[in-house]
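Note that chain A is present in both complexes that follow, paired respectively with chain B and with chain C.
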Partner chain A sequence: MKKIILLFFFLGNIWALNLNDIPNTMQNNIDKSLNFLKTQKDKNLVANEIFKLFDDIIDYKLMAKLSLSKNYDKLNKQEQEEFSKAFEQSLKKSFTDKLSLYKDQILKVKNGELKNEKRYFLITSIIDNGEEKNIIFKFYNNNNNWLIYDVDVLGVSIIQTYRSQFGDILSSEGFQALLQKLKNITIK
Partner chain B sequence: MKIKIILLLLLTYSFALDQNFEDFEQEYKNYQINDPLVNYNKAMTHFNMTLYTYGFRPILKAYDQVTPQFFRVGVKNFFDNLFSPMRFVGNVLQFKFENAGEEFKRFIANTIMGFGGLMDPASKMGLKKHPADLGTVLGHWGVGGGFHLVLPVLGPSNLRDTLTLPAIWYANPVSYIEPQWVSITISTYGFGNELSFKLDEIDEIYYNTPNLYPFLRDAYEQRRQELSK
Partner chain C sequence: MFSKFLKLIISYPKTTFLGTLFICLFLSFFAFKISVDASAESLLLEDDIDLKTFREISKHYKNDNFLILAFKPQDGNLFSKTNLSKLEKIHYELEKAPLVNRVFSIINAPLLQSSENTDFKELLKNIPNIQSKDINQTKAKSEILNNPFYKNNIISKDGKITGIIIYLKTDYIYDKLIEKRDLAKNEKEKNAIRLAIKKHQDQQKILNKQNLDFIKNIIKKYETNQDKLYLGGVSMIADDMITYIKSDLLIYGVSLVFLLAIALYYFFRTWRFVFLPLFICFISLSAASGIFALLNFQITVISSNYVALVLIITLSVVIHLITHFIEISQAHPKAKIQRLVLQTLLAKAKPSLYAIVTTMIGFCSLILSNIEPIIKLGIMMSIGIGLALIFSYLFLASVLVLLKPKQYYKKEFKFNLLEFCAKISLDPKKRYIIYGISCIAILISLFGISKLRVENSFVNYFRDSSEIKKGLLVIDKNLSGTLPLDVIIRFKDNQKNTDSNNTLDSFEDEFENLEKKDTYWFNSQKTRIAKKVHEFLEHQKFVGSVLSLNSLLILGKNINHGEDLDDFALAFLNENLPQNFKQDLISPFVNIKNNELRFTMRIVDSDPNLRRNEFLTKLNENLHKLLKNDNVQIQITGIMVLYNNMLQSLFSSQFDTLVFVILAIFILFIFVFRDLKFSIIAILVNVIPLSVVFALMGLCKIPLDMMSITIAAIAIGIGVDDAIHYIYRFKEEIKTKSIEKAIINSHLSIGSALYYTTISIVLGFSVMMSSNFIPTIYFGVLTIFVMILLLSGSLFLLPSFLISIYSKKAKIENQHK
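Moving on to the complex of A and B:
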């Protein structure tokens, strides 16, 4: 039994993303993603390849929880799981759809900022129409496995906008309506 | 004894989890938008979306189809270059001198080598654009946005940015063309042409966002805060 537990810890550490590896790992993953976009036309296939690269680095469950704020704890276990699943699906659908807006821009890692021992912001930028636009990947320390919990696009936090959107729906229409709206997001 | 230890460990673990979640909550709690006109704003957002869906969108899609790409790009570059002096002044007033210098070089390069701004050689030379206007200048020096306000046609704004609109209008050389209806027509055309490049983005946001109004409001306010830094 002890050996199995040790093995789990060992494997856990192999796959963990260390703080110092974040910039390189991210730039590699970004380059691979841009390459998929250049060579493959089917955006669903491209999106799946990109998800394979980033799924282990993104904490979808935490993102779902943060997007509901305190309302998350008011849901029962089953609702929480249902919501987490719908949230991840809708995030992925929305990302897949946005891939068609990509116009050969190149995303480059600029630098990273260790905000405190638990937070690290990786700043990347893209030149679009002559303007440098920043995309910031926000990581948190999950037992030395650094995971993404939010992304700022042009200064706009994805989680923050979800918190306002979801809070508004929950207060006026309730949980089932929110779930339905998430499921209604379709790929054109 | 063993059970007590396990319970203690579990309690400590759940406390740590709660503590982590509390840290995240604090990160997002600092952000509050003043929105006393929420009902009006929601209604106006709905109006703008309807106007876009049945008015601007079909017209601009048709414009997109019949107008050659090089012509649309030329018009876009021309109007963008007209706003370059305002961006320059806006950056100077925020003491962002490096940005102002780059904006000045862009204006010179695009005006001279870009045939009066019809082309954008500056971007190819790696000279970056630095958005700035009176609203971001005031924001930079600590003037808050006031309450959020959705304007007809123009969309999300706030009290501060709305009050600066006349100044932005007069900072644009087109506004001095006489008679005034000509100047308004030219500006509207420039605005429509610019919009014609963003139809896919607008479609994606308008038709694929679970709750449009809070999204637009937060995106606008956060973006303006970012530009005011």
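Moving on to the complex of A and C:
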């Protein structure tokens, strides 16, 4: 049993993303993703490939927690799980829907900023119609495994916009309505 | 003492005349400097909390003050090449007007769905309008007609009339001065700033006039027989009011001279008693105006009435003096003129003084109103009539002595109306009919007064034939209202999350800080509330156009293939929209710094069913109900609220004012007559006619407005003069004569003076009916009506009461004997 646990930790350490590796790993994953986009027409397949690349780096559960803010703790265990699941699906659905908008833009890792010992912002730039725009991947340190907890698209934090949206739905319509709407909410 | 003074001035008539004339001319010199202020704010309550809110909120949003120019082409095809080109010319010429900040019309209205270019990001970079090259004209027409910002705002529903919104430059200096005045520590400092405000307003008035003239010239240039242009807006209303006041003042002056001259000649048949009263009236008026100019008083819509009022009251004083003078001249044809004059002045001193003091009390009661122009009218009238009494005495004392004595004449009625009135009161049966009519009048009054209401409709202030009314009606009916009204929804700051959750604390702090950024101000809560309030307002009766953040959301939804914009899209748009687009479509409705949303409405002012106070109260109540769970503050603000506050405050203080006037006059009556019964009947003969007039207004659904609301105080003030003069004379007569003889003598002597003064006042106020300003017309008509009723009260009811009292007294005395 102890061996199994040891093996688990060992494997965990193998897949853990170190701070110094973030730019390279991200650029690699991005390049691979863009390559899928160029070669594969079925956007659902492309999306699945991309998710495979990023799933280990993105902390969907934390994102779900953060998007509910203080309301998350008010939910019971079952509701929390239900919500986390629905949130991840919604986020992925939004992403998949947006893939059709891709038109050969190039996404390049520009630089990273260590905000404090637990936060690292990776700034990538996209050239769209000759204009440079930033997409920032926000990482946090999870026991030396750096994971994405938010993405800033052209100056707008996805999690922040979810927080206000979910907060309002919860206060005016309740949890079930939020779950229902989550199935329809996609980032425009 | 007083008699010695009169003897002195009668002994030196030339010095008295020249001295008085010099003082009058000196004061009159300043009269030319008196200015007219008809700005909307001139009528507001200075310490109104809503006014402070209104000014504060005006600072939060740009382009608050605007004019609307409606363009109605004859062919009804607004989008034809010819009409669009004409509209374009008008649009660009308007931009050159001196006080114009920005012009917004279908010419420069952004179009997002009519371009051949469908890339939204591209569109935002260079937002097209109807003049852009790649615009599809058919789509453009449809977009303009259906755009939530444009339909009912700059284009009528049927697409046949377009409105050009002319945003005027904000007067920052005025705003700063007002702020300074409100912050001033003492009254001295406040007064100094008030002077600076007045000086600034004077300059601004000239600029405003130039600006409006510029715009009116453009209208003249482009208005043909076929195509019509109509201008409306609050500053336009103010400018037209100034024009009307000025023309009214001129008409009052000129017409009064003719009407009064005819009346005076008819009564006295000598030119000297035509010119002398008129001279005294006008010189007193100009001297009083000089004093008002020195006191920095401005003539407002309300206080402009002082011209007619001072003239009329002065005339009333002079007529009483002249009538008495003629009477004693006829009685003592051989007496020396100095003696006759002295006797006249002494005999009339007390009743004239009491009459003027009661009138002054009537006007002073206006000071309790808390409304600047009405307070000013009270002060102006009190000063004016005080001066009128002094100058009448000084001029009459000197001029009558200086003039060559002659046989004076007083109009005697062939069918003696006055004797007829006296006999009716003397007949017991008819007297009971008079009491019966009075009781019915009281009952009708109680019912009618309960139906009274106050209303302030700018559109209905002008005659149907006036250009401004036509314009306001076109804009009101086709472009959804003329009267701006705003609803402000202020969000309370979110409570900081205090629930401790160690693992998430640092993230919570991070996002709470992020939330404070302007980018995230637009969120679901705000858009939900914006939608809820917008839709609620749209469905309110009397609300014409509604514009708000929700208009942008509807526009966004249209562009977004019918799907609502979510928080991400809103934040994204806020971060990435071009500045000019934001200025047009977001900043008028959103103030991120103050955490508030603004819903701008235009109210259909011409709707006859609109009860402003009820409408505003219900709107406020319903908005609070609608948003009770949303943790927001709600404020309704705008000129409409301020005018309503002014009128409501006036209406509620009306009762206090009247009670004050009646009590004050009653106390004075007790002092004058030294008899409780006389005092009570003197009050009754004034209050009953006055109540009938208000009842009539209530029954005829004539709303009280800022002018007619002053009728009570004015009428009581003038009306009690009749009662004082009559009772005073009656008390003199009854000392030596029987009751019948005393009544007939009082009627024939004082009755004629009352009759002359009422006729003169009626003639004077009838001039007001020529005004273009409806409240002035109502004011004139109602005052005439109340004056006739007051005269009837003095000639029928008063003698009836006196006879009843004396008959009872006589009965008791006989029983004792």
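Side notes on the structure shown:
Operating definition for what follows: the second predicted complex is superposed on the first by the 183 of 188 C-alpha atoms of A that agree within 3 Å, B and C clash if a C-alpha of one lies under 4 Å from a C-alpha of the other, contacts with A are read in each partner's own complex, and residues count from 1 in each chain.
Convention: a contact is a pair of C-beta atoms (placed from the backbone, for glycine too) under 8 Å apart; a residue touches a chain by one contact, two chains touch by 3 or more.
The structure presented is a predicted model; accordingly, all values stated were derived computationally and were not measured.
By the touch criterion defined above, A:44 reaches neither chain B nor chain C. Residue contacts after overlaying the shared chain place A:154 against chain B and chain C alike. Applying the stated contact rule after C-alpha superposition, one finds that A:18 touches neither chain B nor chain C. By the touch criterion defined above, A:90 lies against chain B but remains apart from chain C after alignment on the C-alpha atoms of chain A. Chain A uses residues 62, 65-66, 69-70, 118, 129, 140, 149, 154-157, 159-161, 163-165, 167-169, 185, 188 to touch chain B in one structure and chain C in the other.
For chain C in complex with chain A, the residues that touch the partner chain are 121-122, 497, 499, 501, 504, 506-508, 510-511, 514-515, 519-520, 523-525, 528, 560, 563, 565-572, 575-576, 629. Those residues of chain A that touch chain B in the shared complex are 62, 65-66, 69-70, 90, 94, 97-98, 100-101, 118, 127, 129-132, 140, 149, 154-157, 159-161, 163-169, 178, 181-182, 184-186, 188. Remark: chain A residues 62, 65-66, 69-70, 73, 118-119, 128-129, 140, 149, 153-165, 167-169, 171-172, 185, 187-188 touch chain C in the complex.
Within the complex formed with chain A, the residues of chain B that make contact are 20-21, 23-25, 28, 31, 33, 106, 120, 122-123, 127-131, 200-201, 204, 207-211, 213-215, 217-219, 222-223, 225-227.
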